[in-house]
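Letters A, B, C, D and E name the chains as they come in the text, with residue numbers starting at 1 for each one.
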Amino acid sequence: MVERMPLERCGLSPGKKARLHRILFDNGLGNGTAIFLPYDQGLEHGPRDFFANPAAGDPRYILRLALEGGFNGIAIQIGLAEKFYWEYAGELPLILKLNGKTDIPSDAAALSPLHATVADAVRLGAEAVGYTLYVGTPSAKADFAQFRTVREEAQRFGMPLIVWAYPRGEAIEAKGGKDSFYAVHYAARVASELGADVVKVNFPHPEKRAAVPSDYTREFSSQQAIDEVVRAANRTLLLVSGGGKAGDEAMLEKARESMAAGATGLIFGRNVWQRDHDASLRFVADLRDILAKYPTTERG
Amino acid sequence: MVERMPLERCGLSPGKKARLHRILFDNGLGNGTAIFLPYDQGLEHGPRDFFANPAAGDPRYILRLALEGGFNGIAIQIGLAEKFYWEYAGELPLILKLNGKTDIPSDAAALSPLHATVADAVRLGAEAVGYTLYVGTPSAKADFAQFRTVREEAQRFGMPLIVWAYPRGEAIEAKGGKDSFYAVHYAARVASELGADVVKVNFPHPEKRAAVPSDYTREFSSQQAIDEVVRAANRTLLLVSGGGKAGDEAMLEKARESMAAGATGLIFGRNVWQRDHDASLRFVADLRDILAKYPTTERG
Amino acid sequence: MVERMPLERCGLSPGKKARLHRILFDNGLGNGTAIFLPYDQGLEHGPRDFFANPAAGDPRYILRLALEGGFNGIAIQIGLAEKFYWEYAGELPLILKLNGKTDIPSDAAALSPLHATVADAVRLGAEAVGYTLYVGTPSAKADFAQFRTVREEAQRFGMPLIVWAYPRGEAIEAKGGKDSFYAVHYAARVASELGADVVKVNFPHPEKRAAVPSDYTREFSSQQAIDEVVRAANRTLLLVSGGGKAGDEAMLEKARESMAAGATGLIFGRNVWQRDHDASLRFVADLRDILAKYPTTERG
Amino acid sequence: MVERMPLERCGLSPGKKARLHRILFDNGLGNGTAIFLPYDQGLEHGPRDFFANPAAGDPRYILRLALEGGFNGIAIQIGLAEKFYWEYAGELPLILKLNGKTDIPSDAAALSPLHATVADAVRLGAEAVGYTLYVGTPSAKADFAQFRTVREEAQRFGMPLIVWAYPRGEAIEAKGGKDSFYAVHYAARVASELGADVVKVNFPHPEKRAAVPSDYTREFSSQQAIDEVVRAANRTLLLVSGGGKAGDEAMLEKARESMAAGATGLIFGRNVWQRDHDASLRFVADLRDILAKYPTTERG
Amino acid sequence: MVERMPLERCGLSPGKKARLHRILFDNGLGNGTAIFLPYDQGLEHGPRDFFANPAAGDPRYILRLALEGGFNGIAIQIGLAEKFYWEYAGELPLILKLNGKTDIPSDAAALSPLHATVADAVRLGAEAVGYTLYVGTPSAKADFAQFRTVREEAQRFGMPLIVWAYPRGEAIEAKGGKDSFYAVHYAARVASELGADVVKVNFPHPEKRAAVPSDYTREFSSQQAIDEVVRAANRTLLLVSGGGKAGDEAMLEKARESMAAGATGLIFGRNVWQRDHDASLRFVADLRDILAKYPTTERG
């Protein structure tokens, strides 16, 4: 178990602290935890992700769901932000996702190009920006270079920078795959070393030991693994991603272990909205019950 | 009596609306009204303004007072914002005052030079910027030109622009003085015509009729005057300034008439902090009781 | 008596804190106090200031004196910095004075034009920059505008900004003169409101009561006055200037009262080098004895 | 044995000299030697490097270790610098590492992309920047081009440039490997030729003679080899890297030979912090004993 | 008597030193002294200056005279540089004069506008640039600001910057006039403080004591005065201007005293070319005899 970092120990500039504070204490449970609703799957996977609950294909439905569910923010691409956020502007924090790609070509040399800038986020009144960084790919040089421009602009504007830290590429596959403890552990650290204020990772799977580096072939419980991942991120706040839809109890257990490990919160999309409206809210209520047990004081 | 303008009828860009919404609904009474604490008197009048309550010379005392009193924001200059806001960043909206001057030379051709930019406000996580516009002075050309650069930058960044609209200069003195209904009425309209999102005016004195233009020599009640001032500002939200310290009952009556007229709120400084801590909070509680009677619904 | 502000409560960016920390703890007494040697009189008054001790006309003599005397830094203009600092670069902090003027024309509308930029200071390895701001003059608009560009550049580079806050001009003369408690008190606050990290003021003269605003006509001791001046500067560190050469005991008493008031230190030029070398060092030793009594802990 | 170069004979601009002087004479032993703590392994190798001493995964632990151990500086990436340096800003020189990569993909065409700029280093109050240059790889064209932009910016800002000069790639492997005398000798010279102010190399292994060019197949002692490497670097100060953790006596012997050869100092990471806290400090004390025997006078 | 400063003690960048070294050691007597031919009188006074020797109106005549006379350089404006220098390019150092004005309006608020840039000087192969700075005028703010841009560009390009430091304006007239010891002494220091590499002054007249500040009413010999002027300029090399045509013996005596005082050389125009060709060369030969007595060693 790792203690959660209070904002004032995180080396944040006043602007980054102000915006993160508003996200964490003026929204959601208001207790320093967070649950975000990511809604970039229409770009990342295509609209087939909405077949399970066609209403979810409408961004306005999702924005209202985020409000009703008491989320701490919604993460969307620039096009949906321009067309849908104005109606609820200020009622819910906007996390403007700055890059993204389709899943049509292979992920072997994955790189997610920029579609928007931090200046767009400022203009729209967003409280944070999101960037997908693929760790371990052959495109890492271009990705790191692109990321640097975003980090600099976020620093200049005092805008919190949330990094989707995703292990990808053939070298990752050859070393145990993208969900291994090794891969997730390393990805969390890379985001922290490169300047993320918040990092979003998948839950690590220490039981996937085939081909991982020898340090990771030991026995680790999932709690031990997520503890280490949070520790690797140090003063970078950590969010655990839901990933594809899975059984509710498994998801809730992931959430419990993550929060116990010192994660700041969750970022769950398909597990939330790939079911009907009321079921979505019931599932979110269960997640909120978990978060309520892990408050951070407003001043550290 | 004038109906208060809901945000979504004000022609605001998403960023301006998001920020104003957070100021009005995530802070203070959360009912769409506002009470702001202005604290630029150390620059505008010098530190002698703090002799009445020496504790008030410490910006940290003022920030804490604003938090305890449930204010919707604090308006300070860049120097104090840099040095004091970080500790409370995000706990209270910052209105960065962009210009200001001393009262050492005469006000005959008053012009308040810029000390900071809208980009500074973005960087610090401020939710609005403030600009003092002197209406009617011989320096108006330079003032309007300087204001234009601020308006443009505020527009680009989605940052709400609050204008301190102050009649000043010898021509104003020759036409009834800076507190006349004529002068305040005109100043409110000028701010609206030039692009203010919010305007701060002094309470109008329709009884000061000496030398004012003939249209204003009729009998107007103070309620009629403030009604007209709010109407002149149209979709520019209006705040009434407290000015120098005066009797509490007179101030509360000003507040009541202003809110009845459709003002969005109050911006009271010396009347709040030129007394001891507990007396300040008691006075603010009385103001909040008035504001509580004038809620706006979150969506119009 | 006012408590001295530890650096980590001053809202400084990491770069400003790093540089101020090195000035205050790696130089001089290393106890958080400072004594600086200003050497811009060759520009401000002309080389006649060196007639009292011709050796002092040589900048190299002054640099060596600053090293031998254990000063925390030397404040010089760009021309001398380029030609003399390289020899001692890193052995003593350089404060690059960015503006300055001659005393040939009258001071009625004094404005001190820029000769160098913060980028020059970075390039030369300086640890701070200095700017002379004339408070209360008819040129204040131009001065404030020029100052803003310096403040922004200093903020961008993490360079501490020391403001020489000097009341000047006919309005100041009409209100009691540049050394009155009123004028010095106001000047310290203006520097703080506009974004100085450190402010240099003359010692206030509360006994000069002729024509000052009524708040200042009361009886104040010099200790009370300097206490209030330090308080007005709040988180802006305060240095007391020596001014023209005066009697040693009077200067030491100024120094004692300033340090007791919570000043960070002294900036004494002519009182140091307008005497022969050994006498200079003896006087500095007396000043250091005073500073040694007012340590600040390295972490607040 | 090679004489160590005094700073004033190195052709440094005043800013570079000022910063290097502060690193070498205001920190560590203050005798012109240096021992740096590199801490970029979380990015370069991943957090598994911390399994040997989990406390070392916390950057704050490392910063405190550097302070307690009397290091001359710590070398970290931008993310950790932003989040951790502020607390100790100015207490210890920061070397901002500007580029870095993971070890996930192969090193065949290694290139370390930029994550930060010299302007970031200036803003954070860093005293030097670090750049990893891979000598001999197929990516050298891109690497040299990228390096040029860094060198130019470092020159403009007067910021010392420390080059991690690492032989890499298949051609190096084909000619004896990255630790051969040939490879290290060549790498030191390349850094000097391209504009490094300081170069960090691995200790050369003249006994690895298989496949090296014929000039290097002669018998050289390790002392002869490191002598030649220091000579090849000429006025570029030289640091010897510790590399992976090895036996203490071997490391101390490397240190002795390096200092005898005229190296300026050491940059040891894993050998320091991959053991418990007190053992780290004991090992550092042994290194300091060696450095104490090789002082340089402050002025050459 | 003041010792002349060797170039390597002047804090010059490599480019400035390279160019000055070529001027001083590859031209003229090659002994570190200099005599320059200024030829901007056609702009400053108009072509009537050529009536005394009509041939001198032809810039080609002047260039050839400079070559024949063994001058260390010629100072001309951009128009003549473009049209005449190509023919002798490289045979004689070009000092490109960057600003200048006519004498048609009054000198009360004299300011000399820029006509060319340091980039022009680089393009033309010039070895230095010249700038006229008027010290003490009401236009000093604009002049200092303009000068700053030139100084920065000269620094960036490594181009030596020669300042024509001329006291001017009503305040100077009121304090003893432009040739007084006070005025020349102050002007030399101002150039040095603001960043001149070389300063050109008129010979001081200590006997002009009417209205000068009291420090200058003492008895000073002309040798004492020029000694002090050179000392005030410190590491800024000093050239003595010839001014209007005067008696040869007086001019030679000025030259002797200047060189004895430690001046680097002379810049004589009208005294040279306002006589026929052979007389010009004879006079120059006399000046060279003086300079030959004051060699500086090439390395200090």
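Points worth noting:
Keep in mind that, in the parts below, a residue touches a chain if its C-beta (ideal position, glycine included) is under 8 Å from a C-beta of that chain, and two chains touch if they have at least 3 such contacts.
It should be emphasised that the depicted structure is a prediction, and the values quoted were computed from it without experimental measurement.
The minimum number of touch steps linking chain B to chain E comes to 2.
Chain C and chain E carry the same sequence, and matching their CA atoms takes a turn of 70 degrees, rounded to a multiple of 5. In this view the innermost chain, defined by its CA centroid being closest to the centroid of all protein CA atoms, is C. Chain centres here are C-alpha means, and the one lying farthest from chain C is A.
Both chain C and chain D derive from one sequence, and where they touch, over half of the residue numbers involved are common to the two copies.
For this pair, chain B with chain D, the centres built from the Cα atoms lie 56 Å apart. Note: centroid distance chain B to chain C, computed from Cα atoms, is 35 Å. Centre-to-centre spacing of chain A and chain B amounts to 39 Å, using the average Cα coordinate of each chain. Mean C-alpha positions place chain D and chain E at a centre distance of 49 Å. Shared contact sites, meaning residues of chain A that touch two or more other chains, fall at 11, 13-14. Within the complex, the chain C residues that touch chain B are 10-11, 135-138, 140-141, 144-145, 147-148, 151-152, 155, 167, 169, 171-172, 175, 182, 185-186, 188-196, 213, 215-216, 228, 231-232, 234-236. Looking at the complex, you find that chain B touches chain A at residues 13-22, 25-26, 81-82, 85-87, 89-91, 94, 119, 122-126, 156-158, 298.
Within the complex formed with chain E, the residues of chain C that make contact are 40, 42-43, 46-48, 50-51, 54, 57-60, 77-80, 82-87, 100-102, 104-106, 111, 113-117, 120.
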